[in-house]
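By letter and in written order, the chains are A, B, C, D and E; residue numbering begins at 1 in each of them.
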Amino acid sequence: MIVVEDVHKHFGGFHAVDGASLEIQKGSITGLIGPNGAGKTTLFNVIAGVLPPTSGRVFMDGEDITGLPPHELFHKGLLRTFQIAHEFSSMTCRENLMMVPGAQSGESLWNTWFGRKRIANEERALQAKADEVLEFLTIEHLADHKAGQVSGGQKKLLELGRTMMVDAKIVFLDEVGAGVNRTLLMTIADTIIRLNKERGYTFVVIEHDMDFIGKICDPVICMAEGKVLAEGTLDEIKANEHVIEAYLGTGLKNKDKLEAQT
Amino acid sequence: MSEPVKNTLLFVLVGGLILLTGFTQSWNAAILILNMGLISAIMAIGVNLQWGFAGLFNVGVMGFVALGGLAVVLISTPVTPGAWSAGGYGIVLALLLGAATVVAAVFVAQKMSKGRMQTLSIIAILIIGFFVYRAIFDPNAAAVEAIDPAIAGNLGGLNLPVLLAWPAGGLLAAGAAWLIGKTALGLRSDYLAIATLGIAEIIIAILKNEDWLARGVKNVYGIPRPAPVVGYEVDLQNDPGFVARAEWFGLDAVTASTLSVKLGYSLLFLIVLLMLLWMAQKALRSPWGRMMRAIRDNEVAAEAMGKDVTRRHLQIFVLGSAICGIAGAMMTTLDGQLTPSAYQPLRFTFLVWVMVIVGGSGNNFGAVLGAFLIWFLWVQVEPIGLWLMNLITAGMPDGSALKAHLIESAAHMRLLTMGLILLIVLRFSPRGLIPEK
Amino acid sequence: EDVKLGVLFGFTGPIESLAPAMGSGAELAMAEVTESGKLLNGATVTASRADTGCIDNGLATSNGERMIADGVAGIIGGDCSGVTGAILQNVAIPNGMVMISPSATSPGLSTMEDNGLFFRTAPSDAREGQVMADILNDRGISSIALTYTNNDYGKGLADAIQSSFEASGGEVTIVAAHEDGKADYSAEVGALASAGGDILVVAGYLDQGGLGIIQAALDSGAFDTFGLPGGMIGDSLPANVGPDLNGSFGQIAGSGGEGAEKYFAMAEAEGFDGSSPYSPESYDAAALFMLAMQAAGSTNPADYGAKIMEVANEPGEKIYPGELAKGLELLAAGQDIDYVGASGVELIGPGESAGSYREIEVTDGENKTVNFR
Amino acid sequence: MDFLNALVALSNFVLVPAIAYGSQLALGALGVTLIYGILRFSNFAHGDTMAFGAMIAVLVTWGLQAAGIGFGPLPTALLALPFAILGCIVLVLITDRLVYRFYREQKAKPVILVIVSMGVMFIMNGLVRFIIGPDDQRFSDGARFLISARDFKTLTGLDEGLAIRTSQAITVVVAVVAVALLFWFLNKTRTGKSMRAYSDNEDLALLSGINPERVVMITWILVAALATTAGVLYGLDKSFKPFVYFQLLLPIFASAIVGGLGNPIGAIAGGFIIAFSEVTITYAWKKVLTYLAPESLEPSGLVQLLSTDYKFAVSFVILLIVLLFKPTGLFKGKAV
Amino acid sequence: MTPAHRKSGATFKVAGGPFLIGDTMTGGYGKGPDILHDCTISANKGEIAVIVGPNGAGKSTAMKALFGMLDVRSGSVRLDGEDITNLSPQDRVIKGMGFVPQTSNIFTSMTVEENLEMGAFIRRDDISQTMEQVYDLFPILRDKRNQAAGELSGGQRQQVAVGRALMTQPKVLMLDEPTAGVSPIVMDELFDRIIEVSRTGLPILMVEQNARQALEIADKGYVLVQGRNAYTGTGKELLADPEVRKSFLGG
């Protein structure tokens, strides 16, 4: 569905993404892992049109989408979340969700003056939908709170909630899990699976929590230093010694000592 | 005190201040303040639309207001006899060629592949275009400007009713805003600010120096009034019917005529204000407004959520500027003359900003309230300052140098008092008098 | 009875440094009349000051309205031509109020429909251009560079100088505007110097851009002689520039030395600079009001308006500054007067002043009158 | 010889004035950029702060002159400068305490502070006019020229003169020293770094033990010193007049922005760019070309790209072009 | 007046108790409702205390309360036998408290090295030693020492933030989700380092969503729910509690 062809992204002399090529299969939930600074977020930004690549191409369903602006990609069904939450801070949580769907007739100025009926109906439906999502994310009590004044994790939830407001084809999740309670994260995992099964969303998920990755992802791609390091099922990846060396590590060194003490 | 009650009280208070002017000074003075207040309110709505709704830092208000004023001259004044044949067509031709040059350069920039060749062609086009433009433009402009320079020297206008100039002013400002927006809207906050500030200065420079357009610094006097709603006092004073009616109200003819003319303007301005206020209010409280606030809060996220930030910014920039243009046209109509050197950033850009911020940015009613209040103060703090000075010096002996100095400085107390009031209001209501919810 | 006269000048804004001396001039005349006790059987005259901001039409008209509400019997002002037009159209004409502007010199105001309510004591710029051209020719100057302050005054004057001078065979190498109150005039001086010319004519204001231009031109050695129209004549210019200005020349509206000198002395006694631009004209504007009121025996604009031309022009006994009491007495006795005043007032038609000119040359750091024109 | 004449003419009318004016703008822009960089708002009162500082210098200078104290060939005003800086510091610190601090604590949006600074501008504006009046004041003394046009001509025997005023030379020197000091201070000293930290993230600065009020105070002190110096140097070079200081605000902001707001080096570069564009684009090249070109090719017109009427517009067009290609200014400023 | 700018009040000695304790704190943001309700958090010398709980439970709020960044309406904060409830945050830094907030915890426009220097702002001694230690702990930071911290990846920023706090050489270290977004290998190293640091006797208080790993190394664990202490125990106890596991640790 998405094909990334030899993408490079350089910041000055620094090669954040350095010739990454990968393919995302339709209907899959692909995990993207890799050490901090491997270039995962940068690659997302290139795919999502936030950053122009230095070189390389990105295709979606065979169509060249390199360099298309994010809002056009949104309308093609490509959504993304941000690693560092980008909430609309002076708007309520509900409004944060309600603003998402595209092609709202109320977004045309003309209609705000002469199409009030239609807008009212649409708004009612949107609100119902937003409340449903909030409830799912266990933050329905925050519906009327300013999004700038909710907790860090709650912001991440809102971030995820926005992707649930529309029918997306492919969703890029950049560390939805960081800062989210693990129990809730597992519920989120279930939803992702459900969205994938029932609505046919394709997901690409950056995450450092191996439990989460293990629960939902197949295949898994591991990046390092701007390149694809390994690709395969999670078990294959976990067994890959390059991955272990660069990313997974071998657990706590002090762990046994600590246990010995107690 | 609940929100609506407080807000109503604030409006009543400002209304009361204007009424007080009427009772203590004169109704003419009061209604004049009201009229300029109405115009200022429209400008404030325009700025609020851009800043309060979308976070666009436009400090080029002055330029758009001036364009509105230009529109009045171009629409409502009579054509200067012989100007078109002397050089008017030549000027238009030159301007078209100039525009064509720019379009050609942009076309080359977009279509030709990057490289030395492209740069060279662009430079060549621009240079040749510039000289051709100057070659045609200069003699023609000179010819037009030579026609009776003391009283004309410009092309003149279309001699249409002046009310048409109001929408035309909006359109002219909108056109300019579109061009500016296309190039400058990518800039962020303060950078956009200085860009708009600069463009406004450029607009004024053109207005001041292109005499063939609107007489430059020589001013255009005698702009017709929007008859029949607004007539001429002298005509009214000579109309026995009017004088009779005035007497029936217990007014002398002069007062009645001046009041009736001013009220005529008030009526027109009020209609425009209410219309724009209604539109702005509906827009704000709709998904469109929500989208705008989202864009204001976080452009990157809004873009990722499918909102075309660039287009929306352009839309609101054009709209807000058009509103300022309309207000500018109204103001020139009220003045009855176009005075390019009157356009000073302090008065036409920053004062409007003060209105919006003091009133409460993001809130249309706040902006309107701020406009009335600040304009009232701008006019009335001078007597307040003088009064203050008189109070301070009351105890001093007549003829003392200090007393003379203090009274002499009274005019400067206007700015000082203005500043003081501004700080006091913002101190007790830092988000404005009627803050955004 | 107390007669109020409005003094409506730009006490703040671009000409804030000229306005005080203008205001003081007008008030000097009022004080003189009040002291004499001769106006309308001992009426006192008080000034009511307000600000135009020089460029703020809205403020100026509002303040004009306020003056009307205050019950002024006449308005001395406005100062800058732009606001003057606005006040005239929106305040004076509707209210039938007479205005005498001491400084609005735009030719555009001559043709404005004013119902006989507008007068000015400063001649329109169109006239000064001709005078300047004559002086240049007489001094054998064949080419000039010309810079003007970018407002209706400067522009109008520059147009007039250029056309008159060129018509008489002179060459104008460049005409460049300068904005007042700006930080730096290097660009203007660079361009002017490059264009060259025997002298540089500066149609500006002596404590505004005009000073900056002269200063920069002298410093860089671009020009050493300057042509100085009315806005540039004043004691502060030679004082500020120093000996380098010696030899520069120009002209300012004003009758022979007598009226002006008297006025300067009176002003000095009062502690302000009477030679500041338009200060004499302001004195004259105030004086005209009071004389006309005396002539009409009324403070109603509708009555005295028609008398302004009469008291200002021949025939009659000439009245100079400091002689207002005499003028009032003569008028009371039913005799004609010809007010000359500090600036040689002569009104030709409503809203138009003739005025003669003093030719000035700077010698030994002082403005010396060398001729009358 | 002709070549030399052309060169001298160009220096005299373009290079020297532009460098001096550029330094004046740069000094003003440094103050603006410092406030923007650390306190994060555009200070509209800066022009009037300059006027206030310069006013004190004028008054003190008069006092010194009356007392017969001079500074040799250098202007007496330089002796008065420390007093003026002190006075200005007092003023801005009082202003900060009475006005800005409140909004800082409220964490008000920058635009509120901008508007508030306009209120302060009005007040300072009134204050200065109240104390010294709106008129021109002269207070320069000492040797006016390092070398005057006439001396230069006799010295070199060239047709063209080159004049360098003492005040121009001082301004350039001071600007260079000031920016170097400031740069060193901000980037190398602990206090400087803490100021940058504060401007970056106030809360976190607090968590690092940085005292915000101290940072703010030091900033204002620096700003007052810069503003007064700029104001005095400008006044020495031209003359002191309150209204002009207000008018200076626009080119100063333009300089700060074209160089990149919040960046001291940018402020300097911006000052020169604005100054040079004002002077060069509207320069009539006739004189220079006449020297250079052979007789037959002598230009008949002025060879002026644009008339000086548009000099202001030109500098803004340049600014726009710079911003379009480098959206945060030449030296990467910040955007609030 | 926001608490961040408030003037410090008096402190006084109180005997005994843990090294750092927020005792039955109740409070919230500005004039808003109370977020914390009688919440007690403490850490002793050499101890690692971990706070876990659902999103919005008030974990970060509790940390900020301990640090004096919001009003504690009732209850008290004591450090090393001294009641510091009325102290401003700066003064708490001087008293030796180090804090890494959950969000905006680095100076984005400054270089990595300058960030670390700022961490050591209150120190007057030679900091190069500590800086070397931080670089050893997070080698990637040494490579990026002259890069603006705002240009770093999410996990790298987190490392800068923790490094910044370590530079203070604090007497007590408070970390709000230090491992959010860091890779497993770095997380392990971070925890290793935290253990080492705590062994030097430094009390460490941290909020963690990687709760299982964190509780494994914790001496003490708090589960906060809606601003209240829901469960308290040793790390092992909490890990073993099936209710806690299911509701808060993701099964």
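The rule is short, and it goes like this: a contact is a pair of C-beta atoms (placed from the backbone, for glycine too) under 8 Å apart; a residue touches a chain by one contact, two chains touch by 3 or more.
Not measured: the values here are computed from a predicted model.
Participant: Give me the chains shared as neighbours by chain B and chain D.
Facilitator: Joint contacts, listed by label: C.
Participant: Please identify the chain with the largest separation between its CA centroid and the CA centroid of chain A.
Facilitator: The chain farthest from chain A, judged by C-alpha centres, is C.
Participant: For the chain pairs C-D and A-B, which is connected through the larger number of C-beta pairs in contact?
Facilitator: Contact tally favours C-D.
Participant: Please compute the C-alpha centroid of chain A, do the same for chain C, then give the distance between them in whole Å.
Facilitator: Roughly 74 Å, centre to centre.
Participant: Distance-wise, how many Å sit between the C-alpha centres of chain C and chain D, to the nearest whole number?
Facilitator: Here the centre of chain D sits 35 Å away from the centre of chain C.
Participant: For chain B versus chain C, what separation do you get between their C-alpha means, in angstrom?
Facilitator: The separation of the two C-alpha centroids amounts to 31 Å.
Participant: Centroid of chain A to centroid of chain D, CA atoms only: how many Å?
Facilitator: Chain A and chain D have C-alpha centres separated by 49 Å.
Participant: Got the chain A residues that touch at least 2 other chains?
Facilitator: Where chain A is concerned, no single residue meets two or more other chains.
Participant: Which parts of chain C, given as residue numbers and ranges, touch two or more other chains?
Facilitator: As it turns out, chain C has residues touching two or more other chains at 12-13, 16, 20, 150, 177.
Participant: Could you pull out the residues of chain D that touch at least 2 other chains?
Facilitator: 106, 129, 133-134, 307, 309, 312
Participant: Spell out all pairs of chains that touch, sorted by label.
Facilitator: According to the stated criterion, the contacting chain pairs are A-B, A-E, B-C, B-D, C-D, D-E.
Participant: Spell out the part of chain B that touches chain A in their complex, as residue ranges.
Facilitator: So the residues of chain B touching chain A come out as 279, 282-283, 286-291, 293-294, 296-298, 300-310, 315, 319.
Participant: Under the definition above, what is the set of chain A residues touching chain E in their complex?
Facilitator: 11, 33-38, 40-42, 83-84, 138-139, 142, 149-154, 156-157, 175, 178-186, 208-211, 246-255, 257-258, 262
Participant: Looking at the complex, which residues from chain A come into contact with chain B?
Facilitator: Checking each residue of chain A against chain B gives 48, 50, 69-71, 74-75, 79-80, 82, 86-91, 95-96, 98-100, 102, 104, 106-109, 111-113, 116, 119, 122-123, 162.
Participant: Which bits of chain D are touching chain B when the two form their complex?
Facilitator: 36, 42, 44, 99, 102-103, 106, 108, 111-112, 115-116, 118-123, 125-127, 129-130, 133-134, 250, 253-254, 257, 261, 307, 309-310, 312-313, 316-317, 319-320, 323-324, 327-329, 335-336
Participant: Could you list, by residue number, the parts of chain B that touch chain D in their complex?
Facilitator: Residues in contact with chain D: 51, 57, 183-184, 186-191, 193-195, 197-199, 201-202, 205-206, 208-209, 345, 350, 353-354, 357-358, 361, 409, 412-420, 422-423, 426-427, 430-431.
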